[in-house]
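By written order: A, B, C and D. Residues from 1 in each chain.
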Amino acid sequence: MEDIIAVFKERPKLKDPIFVEGLPGVGNVGKLAAEHLVDQLKAVKFVEMFSKYFPPQVLVTDAGTIRLVSNELFYVMRPLMKNDLVIMTGDYQGLTPEGQYALSDRTLQIIKELGVNRIYTLGGYGLGKMIEKPRVLGAASDLELVDEMKTFGVTFSKGEPGSGIVGASGLLLGLGNLYGMRSVCLMGETSGYFVDPKGAQAVLEVLAKILGVTIDFSDLEQKAQQIDAITSKLKEIEAPAVPKREDLGYIG
Amino acid sequence: MEDIIAVFKERPKLKDPIFVEGLPGVGNVGKLAAEHLVDQLKAVKFVEMFSKYFPPQVLVTDAGTIRLVSNELFYVMRPLMKNDLVIMTGDYQGLTPEGQYALSDRTLQIIKELGVNRIYTLGGYGLGKMIEKPRVLGAASDLELVDEMKTFGVTFSKGEPGSGIVGASGLLLGLGNLYGMRSVCLMGETSGYFVDPKGAQAVLEVLAKILGVTIDFSDLEQKAQQIDAITSKLKEIEAPAVPKREDLGYIG
Amino acid sequence: MEDIIAVFKERPKLKDPIFVEGLPGVGNVGKLAAEHLVDQLKAVKFVEMFSKYFPPQVLVTDAGTIRLVSNELFYVMRPLMKNDLVIMTGDYQGLTPEGQYALSDRTLQIIKELGVNRIYTLGGYGLGKMIEKPRVLGAASDLELVDEMKTFGVTFSKGEPGSGIVGASGLLLGLGNLYGMRSVCLMGETSGYFVDPKGAQAVLEVLAKILGVTIDFSDLEQKAQQIDAITSKLKEIEAPAVPKREDLGYIG
Amino acid sequence: MEDIIAVFKERPKLKDPIFVEGLPGVGNVGKLAAEHLVDQLKAVKFVEMFSKYFPPQVLVTDAGTIRLVSNELFYVMRPLMKNDLVIMTGDYQGLTPEGQYALSDRTLQIIKELGVNRIYTLGGYGLGKMIEKPRVLGAASDLELVDEMKTFGVTFSKGEPGSGIVGASGLLLGLGNLYGMRSVCLMGETSGYFVDPKGAQAVLEVLAKILGVTIDFSDLEQKAQQIDAITSKLKEIEAPAVPKREDLGYIG
């Protein structure tokens, strides 16, 4: 068996596409954001990636059918814009460091062939404490992009994240350099204790401006209210043991 | 050394064979069921699979001879029926996710060559509590098979198993899709605390109807009575610490 | 880098050689026995095996020079006997199951080329309690060898070892079958708490008869007395926590 | 993706170069020493090594740009001396034993091609207690080098380090033998509790004499004073639990 199997349902011709990645991680911020983007832009699934670096697991749908855990690529054609989009999300990140590298590299090969030159990876920045108004922190492949991102309200803060960016959101940037791609990681602040739609919304609000898309956030806001309802109840009961900040200060 | 070594003792010509898998897992339901099926149908061993993904271990027989841990394939020729059978059981599943993928994929290659188009995988569904009359839960590759299975008394219950199906019983379905095979997983409810012949019997009763075979269950019933005798003693002594349900809600 | 590097210092022509293996394991019985055999028979080192499956470590000699951890092969030419000998010992076994398989398989390739048809692997059988007169338990590739071994005083006891034989001493037998080699594992009973020269001597006494060699045991006896002196002191202080038997009932 | 990617920025022609390695490890002695050497000798970076054996991580600079974790090679041309220098340092060592072997072997391939015949690896020797005047312990590929090193004040002490040398500093010596390279490991004594500039200085003072270079230590001395200030405060508060010596007696 190949280490990674990429099944193409379609071979779309894309116009100078921009790549957006959001996989499970801290607060699930990246995955929530990418999935919401797929929904809002009615993006079309065209690649499924299966791999021995994922858990040996199938998921069971409500109808009783199964599907093997995967990462997926979607495309959005935008005839009136300069750039089409490719969006990646999925069930898992690679389980091992070697798997992480192999999966990011394979992804870069695929999007290179599609003509991608610009990457945005989405993730959460774990604070280890509740946050009312999450900032969006950034990191980028070059200083010009750092400056460009600042104009969109992205915060670049010396020493944050101190431990760097771990996982696909980091590797796609780091390995992307070797493919000559320019890239940005957008990290929404999050407690890291819960799935965090508020962090996802913060990230998407910035990304929407960058990509020139309009996004309805009512779904995410509703999810955020549900989470808020739960956490405000939990606040009444003092948490006996919370993860330490240093365990959370990275990006999934 | 090859990662997986398949030693063929024989190359049988099989008539549109159906594949049945039962390996060690929750309550050992799948393995017990597959082994009982091999015994009852006097299935003939024809493949031994050895692999570096299994533990580095030989087992010692009562006579003092050794055998390397393995997975094994058996066949049953059924001249009066439409389908012959291939049954897989063994000592272990792959130790790592990568090993799980590699072993399931190799198994699919072998059974593809044998002409298999239909797969039944057998496993246990851990409840984390004692169960008197185990149901048989199902998951399938497509909706048509879901409906077909319902006619045999298989339960399809939304959200069960919530965490999907882990291990060979899941992967053979998920990867089997890529080989164009239609497949069903049958999961017998079990506490997950003990080797569970009752769960195995529940699964086999359904499978017997599907395959059109007659099975004598007296051996399994005897084993079940032995386990019941032990567990009823244990009930008198309250167990001090039991595995949590979320640790058990998967299939081996 | 190759996974396993075998450096030959010499390519001896050996006469129908018998292979003896003893690597670190329970009570270090196998390694002690193999090293004592090398010393006593003035065996000549001719292969060094290095591997990424061993720890990334060099050992420092008393003189201050280093050597990379390895497994080593020695030969003994016996002009007056039917069989020459090849003896294997070393610093470590493979760290992972995959490494164990790869190392045993590579060893079998090498000794196959040397003309080996018979294997004796040496190990300890952990009892989890102190033992005065260790028995030598056996397991073999076929019934004829079981019977032959009984004539040398080897014990074959139903259900011992219950969990099979783990590690090189098991794999060389199990994989050896695939190379058409007949094989025996000799396991000296040992508490498993200490390096155990007494268990090694028990194993070697049997092996000496099988191989037709004369061995002086004064070195091992001296070491055993030193260990006895330590353990008798320890007996006065009741051990607060000892490993459970099930953790020890295997062979290294 | 290749397991290890070596990106050459330049292909310098070097004159009989000597190789010096210092990577993260006990007390970070080796890395501190190698980095200080790079600074002092104004060494020029010419190779970046990326690998799936490193963590899947990018580091974020104060300016907000990212770089993938790596090992790096620097060169120093010394027109008036017999030997040019190649210095290696980096963010991490390989995460697994297999990664350690693969990375050291690849490094040896690269420096072999550059014409390296002599290796110095730098590390810390953890004592598990505070040390006022750290000695520099040594280990070497051959007795002649042991004697040569003694003339530079390197201590060769029977039984130290008892557990050998683990990691790149050991493997480059051990595998280097297979490449026909002569080598020395220099280990600065360190408590192992803190990043230890004092241990790094001790190692560099010896190395400076060996290489015939002049090094200004004011930076390291300043760092050492900062650490001393912290540790003297900590001494007032008795440490409740300290790592045991046997956990520390190795080299990174």
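Keep in mind that, in the parts below, contacts are C-beta pairs under 8 Å (C-beta built on N, C-alpha and C of every residue); 3 or more make two chains touch, one makes a residue touch a chain.
Here the structure is a predicted model, which means the values were calculated and not measured.
Engineer: Work out which chains are contact partners of both subunit B and subunit C.
Structural biologist: Chains touching both subunit B and subunit C: none.
Engineer: Which rotation angle, from 0 to 180°, best lines up the CA atoms of subunit A with subunit C, given as a multiple of 5?
Structural biologist: Superposing subunit A on subunit C takes a rotation of 180 degrees, nearest 5.
Engineer: So the centre of each chain is just the mean of its C-alpha atoms; given that, what is the distance between subunit A and subunit C in Å?
Structural biologist: From the centre of subunit A to the centre of subunit C is 52 Å.
Engineer: Would you kindly tell me how far, in whole Å, the mean C-alpha position of subunit D lies from that of subunit A?
Structural biologist: So the centroids are 37 Å from each other.
Engineer: At least two other chains touched by the same residue of subunit A: list those residues.
Structural biologist: none
Engineer: Could you please specify the touching residues of subunit D with respect to subunit C in the complex?
Structural biologist: 94, 97-98, 100-102, 104-106, 138-143, 146, 156, 158-161, 164-168, 170-171, 173-175, 177-178, 185
Engineer: Which subunit B residues qualify as touching subunit C in the complex?
Structural biologist: These residues of subunit B touch subunit C: 1, 5, 7, 50-60, 62-69, 95.
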